Amino acid sequence: MSLIALILLPLLGGVAALFAARLGNNAERWLSVGVLGIGLVVLVAACLGGSPDPRWLAFSRTPWAPSLGVQLLFAVDGLSAAMLALSLGLGMVAVFTSWQTNENSGLFHAALLWTVAASNGVFMSFDLLVLAFFWELMVVPSFLLIALWGHGAREASAMKFLIFNAVAGLGLLGAVFWLGASAPIVTFDAFELAKLARPAGVQTWLLAGFALAFVVKLSVPPFHAWLPDAHTDAPTAGSILLAGLLLKTGAYGLFRFPAMLFPEGYLALAPVGLVLGSVGALYGAVMACGQTDAKRLVAYTSVAHMSIVLMGVSGGVHFALMGAAVEMVGHAFSASLLFFLIGAVYDRVGTRDLRDLGGLQRTAPRFAAVFALGFSAVLAMPGTANFLGEALVITGMFQVNWIYAAIVLTALVVSVVYATRLLKEVVFGEPGPKPVTQDLGSRELSIAVVLGSATLLFGLLPQLLMTPFTPAVDAVLASLEAVRR
Amino acid sequence: MTSAALWPGAIALLAALMVVTRDSIVHALMYLVAMLLALAAVFFALGAGFAGALQILIYAGAIVAVFVFVVMTVDSTPEALAREKARLRRGWRGPALLVALLLLPLFGGVGIAVGNADPVPVKAIGALLFGPWAIAVELASFLLLAALLTARHLARWEEKP
Amino acid sequence: MTALFWLAAALFGIGLFGMMARRSLLFQLLSMEVMLAGPALAFVAAGAARGDAQGQGMFVLILVLAAAEVGIGLSLYLRLSRIADVSDVDTISDLKG
Amino acid sequence: MIPALTVYHLLLLVPAPALAAFMVLGLAPVFLHRRLVMLIALAGGTAPLLAMTGMMGLCLTGQCRGVAPIFTLQVGTAIVDLALLLDPLSMITGMTVTLIGACVLIYSIDYMAGAKTADLRRFFALMNLFLAAMLAMVLAGDSIVYFLGWEMMGLCSFFLIAYNVFSDPAVAAGRKAFIMSRIADALLLGGLLLLFIAAGSVRIDALIAAGLALPEGQRTVIALLLLGGALGKSAQLPFHTWLPSAMAGPTPVSALLHSATMVAAGAYLMARFAPLLAASPDVMLVMAVGGALTAAFGSMTAIFQSDVKRLLAFSSISQIGFMLLALGVGAPAAAMAHFVTHALFKSLLFLAAGDIAHSAGDDTSIAAMKGAASRRPLAFAAFTIGAASLSGLPLVTAGWWSKEEVLDAVLGSGGAGRALWVLALLTAVMTAIYAFRPVLIALKPGPVDAHPHTPGLATRIPLVLLGFGSLTGGLLVGPVIRLLGGVHPEMPAYSVVVAALAPLTGLAISWQLSRSPQLADWLAARRLLRQGLQIDVLYQAWFVQPFQRLVDRLSGVHGTTPDPFGAAPVTMMLWLKRQLIDRFRSDGFDSGWMALAGTATPLWAVARRSQSGRARDAVMALAGGTAGLLLLGWMTA
């Protein structure tokens, strides 16, 4: 039952935040932080509490609408737990990031918490209909975040985000309905459905439906067009949630369900994933080199990194899968850090145009130091979780086909081009027409330190991630192995 | 008893006609008093003494007195009277026709089974009003209070109306 | 007895005629008093015919209604007389469609 | 997870002080006083030398083969076990690096005295981080720590080249260096990961063993990938172009990173994986030929330089070419011996050149060295010693001993070795030419000191120390080679004589050059050669500009659709919308209702006239209606 609390807490907390905003004294902010903190405690307690099945850290099954075969079926293993912790933790970071946002603050925090609630639902639902429900639900509060508190052409960007993701979500919904209806007794229980045999052709089509939703959320080219716009126009907290959570739901879904439900379809579509991913890794990296908006640049790096995740997930070998999982976490921190820093620059000078920025080194040395850290992470310097993930993906790609490995290595080289460009335009050089005169304050510095040290922590102590991820990776490999034989 | 009521009734009818056709408001008011008193006579003749008494006291007494106060504000010059007369002369036929059409079915269709009954004692009226009709009476008192407040509010003098 | 009801109807009709034909607001108010007298007579007459107290009870209520109407009507008259020509109500037509 | 401690865990103490100094200087969010900054930097820079000396003692007492495991992690079927490694190779390299690092950091205290405190802090933080990274790489017992150090060196190199962040050329040079070395790093990473897959372990000895067990083809590919990494880091052909531009960094940076230690890491890599490479003769040949060509190219280009730092940069390219040549002919011991002496005299040259340039108002051109002999006698003497050692004047200089070992190894390898030996001799001649050019110019009378700041103790100590080393380092060459298990091949006497004559010939030519203004003018006019055959320009045209065009095209700079790939689905959906939805836009039902609404308008116009707004009319209508109803009731009753 405590797993349901992980969804209900932020959901109801969001409602409470709506009203708490009237109390003043940052009540809604502390409320949000408290709710997310309690969520973390609940998560830890649930994972330590044990479950009957050794495969899962926590497991809960509650009937909901038995006649429709719908139940609240939640299961958490190391991967889910990491994603849930990420979602709650980044939610907190997002709250602290937007400490200065005062306009309609109650709804803002409500939307923030609701996003966390919905993505929590995605990260642990194993009833596919409930999964699809949370999948669609996730889009709405993020849409609000972009449309109401964004910058620039925020309404258009929010609509783009909504249309892309809602339309892609239909693929998931359709495939889920098909699956549920095709079972002898109507059920959406993923574990039950995984046991049913299906012809390979049907599996491929169903997987295509699932993958459409996941790949669009993952923003792999050519389905990435919404991401740069959404990131550019979203408020900083929105960008953090977008990069840290929403993209990860796509990666998580690809990791979890295709091999579990459609192993033969997975084998059939894996080459497509590899090709899409390799095109995307190069394309995203090259696009990032040409951007003039700092946030857009980072958004395209997200595209590139998520494409690498797609490659890893499609690789179907231990190293690649593990690399994709680690990269998910690493990217969540590094991208959040960069979005946060660029957001902080934007708050100060009101522009993100690389041509107008510059000179942080002179005017704000702390800023420059933290920026260099984020820069190293986006470059996949050894010692950051990003490097670990990418190196593992490359290793796996060598086992699949050396060409894919060469492509990821090339993307790694191009990453230097855009990363040094970002650093050169923002940190180096003479201060631009609008210099940043105010260095990071203690609140901002602690956010940056938390995000930066998380990147380094998981990079230097990889077992923190790799040990909990092993069951999930092994499960994928086991279901593939059953088909390959 | 009915026939005793008919004579004052005829007077009331005439007086009513005079009320609506006079040029001068003062004359009309006098005829109104006449009509009300004639009706009171009708009531007495019908054995409804309570109604008759109320008619004299409140209608002919109080209400008409209020009218008189208001009428005192009217500027009743000969020109105004002539204008009023001309207006009435221009447009009396249409309304008259309409009223005739209205009365036609009433006169034609209304029939009442007549029986002779004893006069109603005032005590019965009191028992009715403060017994079964208590709510109606209370509502009436609310109405009066509301009218009082409304009148006070509307008639209050303001610098800029 | 029927004659009394005809009388009541006639009083109502005369009052209505006055309402329609006269254009001075005060005359219209007087006409309304005449109109009210009709039903009042009808109630009293019917009550007398049946020996029922309800006829006079209704008369009392009509009386109250008339009092309220006169109070409001006259205060409206006073109010209107400041801003419009109350001797010709046809000039007051702000609600024209 | 964490294994029992052994004496070899003391190896952790070698990079630790530098790392600690970096953390304090770079990350502590508190203000540090200028003197404190220098003190911390100095401690971080010199403590590794002490720790390393201890390890050397351990090594010389015979316990010179030890591993200090850090932690172990199971990844699937593979084992990731990080460890530090002490063996003769890492000991010798580590000693060299710590010694040079300490000297350069001491020197920097004086040299960087003019910088602002914040910049000073950044400088020393990065220098210490570099030192830690380099030592981690040198002492690495596994490919992960190795690559960590390798990449962090690249990162520090980028930040230090672009240390003067307000100068566009410096930042551009940093980016260039970073991007080019990243290409090489990608190759190296690929090679290391392939080995990792084969070995299922990251320990370097396991990697080598697994690599040797691989089939011929795969082994060659891996060896080529590793060689690619070494060529990039060591600025060998065809990756050499970044090193001359990297001279935009401060002189201590050039002395430490871009000559003595980091750039030579490629040679160290090749020495580390020497057994694996030895099994791929083709790759060895490529390395030997490439090294010899780079050596010749570098020294030839150096002759034409007009800037001391660029001259020294090309000299580094050339000298590391010598090392790779030695490695290519299967003599890693000779290569490492040359690495040691090269580190000594090249850092000496840079430090001396930096001091001389200070006295000339920070002008690093060769012409500005005129009068240096009288302005800065100590620096001039140091520079001369360095140049002598670089050109390998026989017997008295360290450079001669190590170069002799290299040449002998080349000649002794037979076959193509003879041709390479001739090329190497030519290179030695050219080396002496360019090495003495600045020295001879510095002898000429010139302007007085432009920099009133006299060099302090912090400048003198490193110069004296390194100068001493450059002269007597030759004594170390024998022990180093023995320690590394190399053998000195028996050579015919003529080769020694010829090799000894080569630098002297070069010196004579250089003397001639300095005497004849026509020759000097001729040198100055050879722009193509001075710019290294303009390979930079070719790269610009072949790689950078096409990439830039691609980027411009994709981001819609010239009016093309930005992000065409991402716009494609959007365009497709819009097309579908036009085809499907717009076709049904004129809704028949809707227009029917609209027509009905249209006819109602005149009706409304008629109806509104009935609203006169007069109370009397309303009463009349009411009366009429009532009358009508009553009449209806009466007539139908």
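Going in written order, the chains are labelled A, B, C and D, and every chain counts its residues from 1.
Convention: contacts are C-beta pairs under 8 Å (C-beta built on N, C-alpha and C of every residue); 3 or more make two chains touch, one makes a residue touch a chain.
What you see is a predicted model; the values in this text were computed from it and never measured.
Novice: So, comparing C-alpha centroids, which chain is the farthest one from chain D?
Specialist: Measuring from the centre of chain D, the most distant chain centre belongs to B.
Novice: Counting C-beta pairs in contact, which comes out ahead: B-C or A-D?
Specialist: Looking at contacts between chains, B-C has the larger number.
Novice: State, to the nearest whole Å, the distance from the C-alpha centre of chain A to the C-alpha centre of chain C.
Specialist: 80
Novice: Taking each chain's centre as the mean position of its Cα atoms, how many Å separate chain A from chain D?
Specialist: 33
Novice: Nearest whole angstrom, what separates the Cα centre of chain B from the Cα centre of chain C?
Specialist: Between these chains, centre-to-centre, one finds 6 Å.
Novice: Let me have the rounded angstrom distance from the C-alpha centre of chain C over to the C-alpha centre of chain D, please.
Specialist: Each chain reduced to its C-alpha mean, chain C and chain D end up 107 Å apart.
Novice: Do you know which chain B residues sit against two or more other chains?
Specialist: Expected reply: 94-95, 98-99, 102, 106.
Novice: Show the residues in chain D shared as contacts by 2 or more other chains, in ascending order.
Specialist: Counting only residues that touch two or more other chains, chain D contributes 620, 623.
Novice: Please give all chain pairs that are in touch with each other.
Specialist: The complete list of chain pairs in contact reads A-D, B-C, B-D, C-D.
Novice: Quick check: in the complex, which residue numbers of chain D touch chain B?
Specialist: 620, 623-624, 626-627, 630-631, 633-635, 637
Novice: If we count contacts the way the header does, which residues on chain B are in touch with chain C in the complex?
Specialist: Listed in rising order, the residues are 2, 5-6, 9-10, 12-13, 16-17, 19-20, 25, 28-29, 32, 35-36, 39, 42-43, 46-48, 50-51, 54-55, 58-59, 62-63, 66-67, 70-71, 73-74, 80, 83-84, 87-88, 91-92, 94-96, 98-100, 102-103, 106-107, 110-112, 114-120, 124-125, 127-129, 133, 136-137, 140-141, 143-144, 146-148, 150-152, 154-155, 161.
Novice: Under the definition above, what is the set of chain B residues touching chain D in their complex?
Specialist: Contact set of chain B toward chain D: 94-95, 98-99, 101-102, 104-106, 108-109.
Novice: Please name which positions on chain D make contact with chain A in the complex.
Specialist: The touching residues are 1, 26-27, 29, 71, 73, 75-78, 80, 118, 122, 144, 147-148, 150-152, 155, 158-159, 162, 165-166, 168, 171, 174-175, 178-179, 182-183, 186-187, 189-190, 193-194, 196-197, 547, 550-552, 554-555, 557, 563, 565-570.
Novice: Residue numbers of chain C touching chain D in their complex, please.
Specialist: 16, 19-20, 23, 28, 89-90, 92-97
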